[in-house]
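First subunit A sits with subunit B, and in the next complex the same chain sits with subunit C.
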Partner chain A sequence: MTAHRPNTRRNATLALALAVACILPLVVTSPSHQNFLILILMFAQVGVAWNILGGYAGQVSLGHVAFFGIGAYTSTMLFIHAGISPWLGMLAGGLVSSCFAVAIGWPCFRLKGHYFSMATIAVAEILQVLFTNWESVGGAVGLNVPLAEQGWANMVFNTSKLPYYYIALGLLIVTLLANWAIERSFLGYYFRAIKDEPDAASSLGISLTRYKLVAIAISSFFTALGGSFYAQKELYIDPGSVLSTSLSIKMALVTILGGVGSLFGPVLGSTLLTSIEEVTRQAFGGSGMGTDLILYAAIIIVVAVYYPTGIVGWLRQIRRRYAKPEARG
Partner chain B sequence: MSMLSLQNIAIRYNKVPAVHDVSIEVEAGEIVALVGGNGAGKSSALRAVAGLNPVAAGKVVFNGVDITQVPAHQRTGLGLSLVPEGRRLFPKLSVEKNLRLGAFTRRDAAEIEESLDYAFTLFPILKERRQQVAGTLSGGEQQMLAIGRGLMAKPRLLMLDEPSWGIAPKLVTKILDTIQQVNASGITILLVEQNIKRALEIANRGYVLQTGRIVLAGSGRDLLDNPEIQKAYLGI
Partner chain C sequence: MSRLLVVENLGKRFGGLAANEAISFELQAGQIVGLIGPNGAGKTTLFNCIAGFYQPSEGTIHFLGKDITGHASAQMAHLGIARTFQIVRSFGSLTVLENVMVGAMLRNKGVGAARERALAALEFCGLAGRIAMTASNLTVAEQRRLELARALATEPKLLLLDEIMAGLTPSEVHEAVHLIKEIQLRGIACLIVEHVMEGIMPIADHMIVLDYGRKIAEGTPAEISRNPAVLAAYLGE
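Up next is the complex of A and B:
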């Protein structure tokens, strides 16, 4: 058996990637570059969270920003009105988000395929309108995270981006570990059974709705953590930033680009997509011109036509091509 | 009282009728075959028993209980198991994982191991390939795995939809023999087949469907000897 060899290589690659991720912000000291790295980690994290529902269970949500927004609003409101640390607020946001997800999942999962995706868009849009007109949560003006004493207790850092970087990295690692655990547990098998052969799964006794609800509950929990983190990083949220449709699309897109249903796909997807965005932003200026949406559409077309398995699938193809002559020799 | 009875069921796909007023009885211990050409409504009727197709009219009664409104995933626990058309395996999971997913509704670990051994005794090739990914098996092996997976639910009634579909003639014999073997162990069989001759050879009774209606019913032998059937389906 030589099965352990790719595993050791994989572990070595992971250790190396982790080491680079830890050291990188110490080398890259410019705040704007550090912010760019934080964005990569943040979108990787929400992509990994999206992947639980969209990738493993095969339910493509285009309204995940609802969970992101709920996370951001819950932790911020708790911080403002009750002085609760965003660390706890983050967990509360995750739980609120999961409850909301189950409540909307119940009716939405009666729809299949594209119809489900469309329903999720509607839910997110409704939420955005609701929050824009809801004065108690700041309405269209948004909310400022209170000017608390900076430090780890309040997750507020004014002078350096470095702590945010490590929090984002930590969140990403936690989310990846959760995904990894799901992938190897019975849940992962049920999710894939539901995705690949729903009729067969239900005639084996697997309740499709129940396990889709489990998937959306877990997925929305981790998405909400990302939302709370975003609120603390920006120290300001409004419906346009944490409940925007383009954010929903981006969450799906980093995963589709990287590789749907693969553990590290969203990380690769986020790295590439965030980089492309950074370049186009500098070239065309600002993000309010809709260039990001044009870009998303172009990427969806290219991936769907040429690389339906995303970057991960493409890399596997290359590795197979080079591995073959080696095996023969 | 029969084990399964379909009482005047009708099935429609978006208002297009596929099955009209079909009544079928299956007694415990039997092998019953639903045969007929393409689009006759055989699979539709079978899927209605499994709960995958809603019925527009009529009742499905299993062991005296009306299960017409019971969702598909709850019917498995009642003792119904479907081996779907086209196998519908989980292609990226191993042979063993596919089998174990078949035992989803069961909790007793020792009994599950027993069923796993039973599946491996019926199809020794599956034991050899237990770690192999299901998608890489041959058509015949996939059908064996699908039947094995169906048996893992420990059903009282095993339903098979086109088990001979897309497999070599020699393996068809092996699979039909195994179905008889399973039946001999006490499991009732409801079989849907386009391969009418082979199906009626092993069936105690059969129903012939044509454009959504039952046109003939009788013992397997009688149907095989029926001149109309011979002319229409067997090319004799």
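Up next is the complex of A and C:
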């Protein structure tokens, strides 16, 4: 009975959260507020994707925007030149991104810790410069998603934000389910072993390179889905928006703030961070270039010093504090 | 008896420093072999070469008749060579049970099967009452046994134990000795680096002594303890 209770409570919380998430955009009808909710879901989704590599396997990537951008460009290019529906383009983008990730990961995983992170920054920067100067993908001007018939088949909606909201929610749920499955399979154990003690992991027969590549392939796949979604939501992409460094940092930060290596950490992190950003953007207006970066820095410092386990860790602490007297009495 | 491990003319150089030089020895299936020597004699280097953590500069290592020189540590584990570390390296974010499950997953990726096997290994190592704890909350002696359980869960044919008795109380040493004998009864050979003589002398079938990177003596524990070269290495001329 007591062993059951936390699970039941957890399931109830999840069901409630899902119900709220489904109903929320029907209550919040202003397009700008709906857009804000969509951003929360979108950054939660890429945060959850980032978490597979950065959180579970402990390989902190600060260049994940590369995968996001590849997803956005692949689906958009396929839509423009071959008329392929973004739904399929999204999957294609995921696969292209995974292949790219493995090709990049192969040399980069020879580097450890901070050196790996630095290499990922370089990869993303190179990609941004490359796309900015590559005329066939629009160069610095970017790409417009073609004016297609509005509707689910083309993932184009001009009159309402509502469908985008539910697509973002669906993507988040799919990514969470994938993470959940990984967490419970041998991969979850292997990733955490690699993160904690790589030498011990390899002494137990875990090929470090192979499983880091598995982690980056899965992580980049789901990150690319987020990129394709972003392209459809904005109907326009350019290197400055889908290959920007600050996006890489945000993916990592959402997760670090919420709780590294925890399933729902990025969801909480995205909710908080996106909200803070929205508030500062309104407070400082368009002139606030850079306020978000100052904010990122402040959050990183506070989390690193006081809450290295993020919001999830902090909530667990509180729960333990309140649960203790109960358990004794 | 069949030859499990054959090391021939093994050398390992770090720049100009020869940490191991021309070391040859054999280890039979099911045998306990002690590897001793003063600090800096090259014991851990030799260990790391056999476990696949270092690439030997020269010489060969054969395991079950197969040349395994220079294989990576993960491959060594697949072949049946498991190791523990001198400084314990438990997976800090995993529970005791999960630590051992990671080892058990080498032979079967199923989580349920790994759990069964991990429980058996923990029971064998006397940690059955600790399975839900975080590894970092265990005592030193328990952490050593956890490493042992984790290595055993990979179902090795050869276990490399790096100073698992260091820092233990006399009664804990006694327990460790008992445990290693039990492991031998399961047909698993052990190569043991050890400073604690009262731990290694009674259980070793064979001893190898290193000094300055070279093998200076080998034989039964009784022979070793009378060997003038060994006495000189330990006590000085």
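Just so it is clear, the second predicted complex is superposed on the first by the 326 of 329 C-alpha atoms of A that agree within 3 Å, B and C clash if a C-alpha of one lies under 4 Å from a C-alpha of the other, contacts with A are read in each partner's own complex, and residues count from 1 in each chain.
We adopt the following convention: a residue touches a chain if its C-beta (ideal position, glycine included) is under 8 Å from a C-beta of that chain, and two chains touch if they have at least 3 such contacts.
If you're wondering where the values come from, they're calculated on a predicted model, not measured in any experiment.
After superposition onto subunit A, partners subunit B and subunit C are found to clash with each other. Taking subunit B and subunit C in turn and counting the residues of subunit A each one touches, the greater count comes from C.
Contacts of A:184 after superposition: subunit C is touched, whereas subunit B is not reached.
In the superposition on chain A, A:197 makes contact with both subunit B and subunit C. Applying the stated contact rule after C-alpha superposition, one finds that A:206 touches each of subunit B and subunit C. Annotation: subunit A residues 189-190, 192-193, 196-197, 199-208 touch subunit B in one complex and subunit C in the other. Residues 184-186, 189-190, 192-193, 195-197, 199-208, 261 of subunit A are the ones touching subunit C in the complex. Remark: subunit B residues 50-52, 71-77, 81-82, 84, 88-93, 97, 101-102, 104-105, 149, 153 touch subunit A in the complex.
Across the complex, subunit A meets subunit B through its residues 189-190, 192-193, 196-197, 199-208. Looking at the complex, you find that subunit C touches subunit A at residues 51, 53, 72-74, 76-78, 82-83, 85, 89-94, 98, 101-103, 105-106, 109-111, 114, 147, 150-151, 154.
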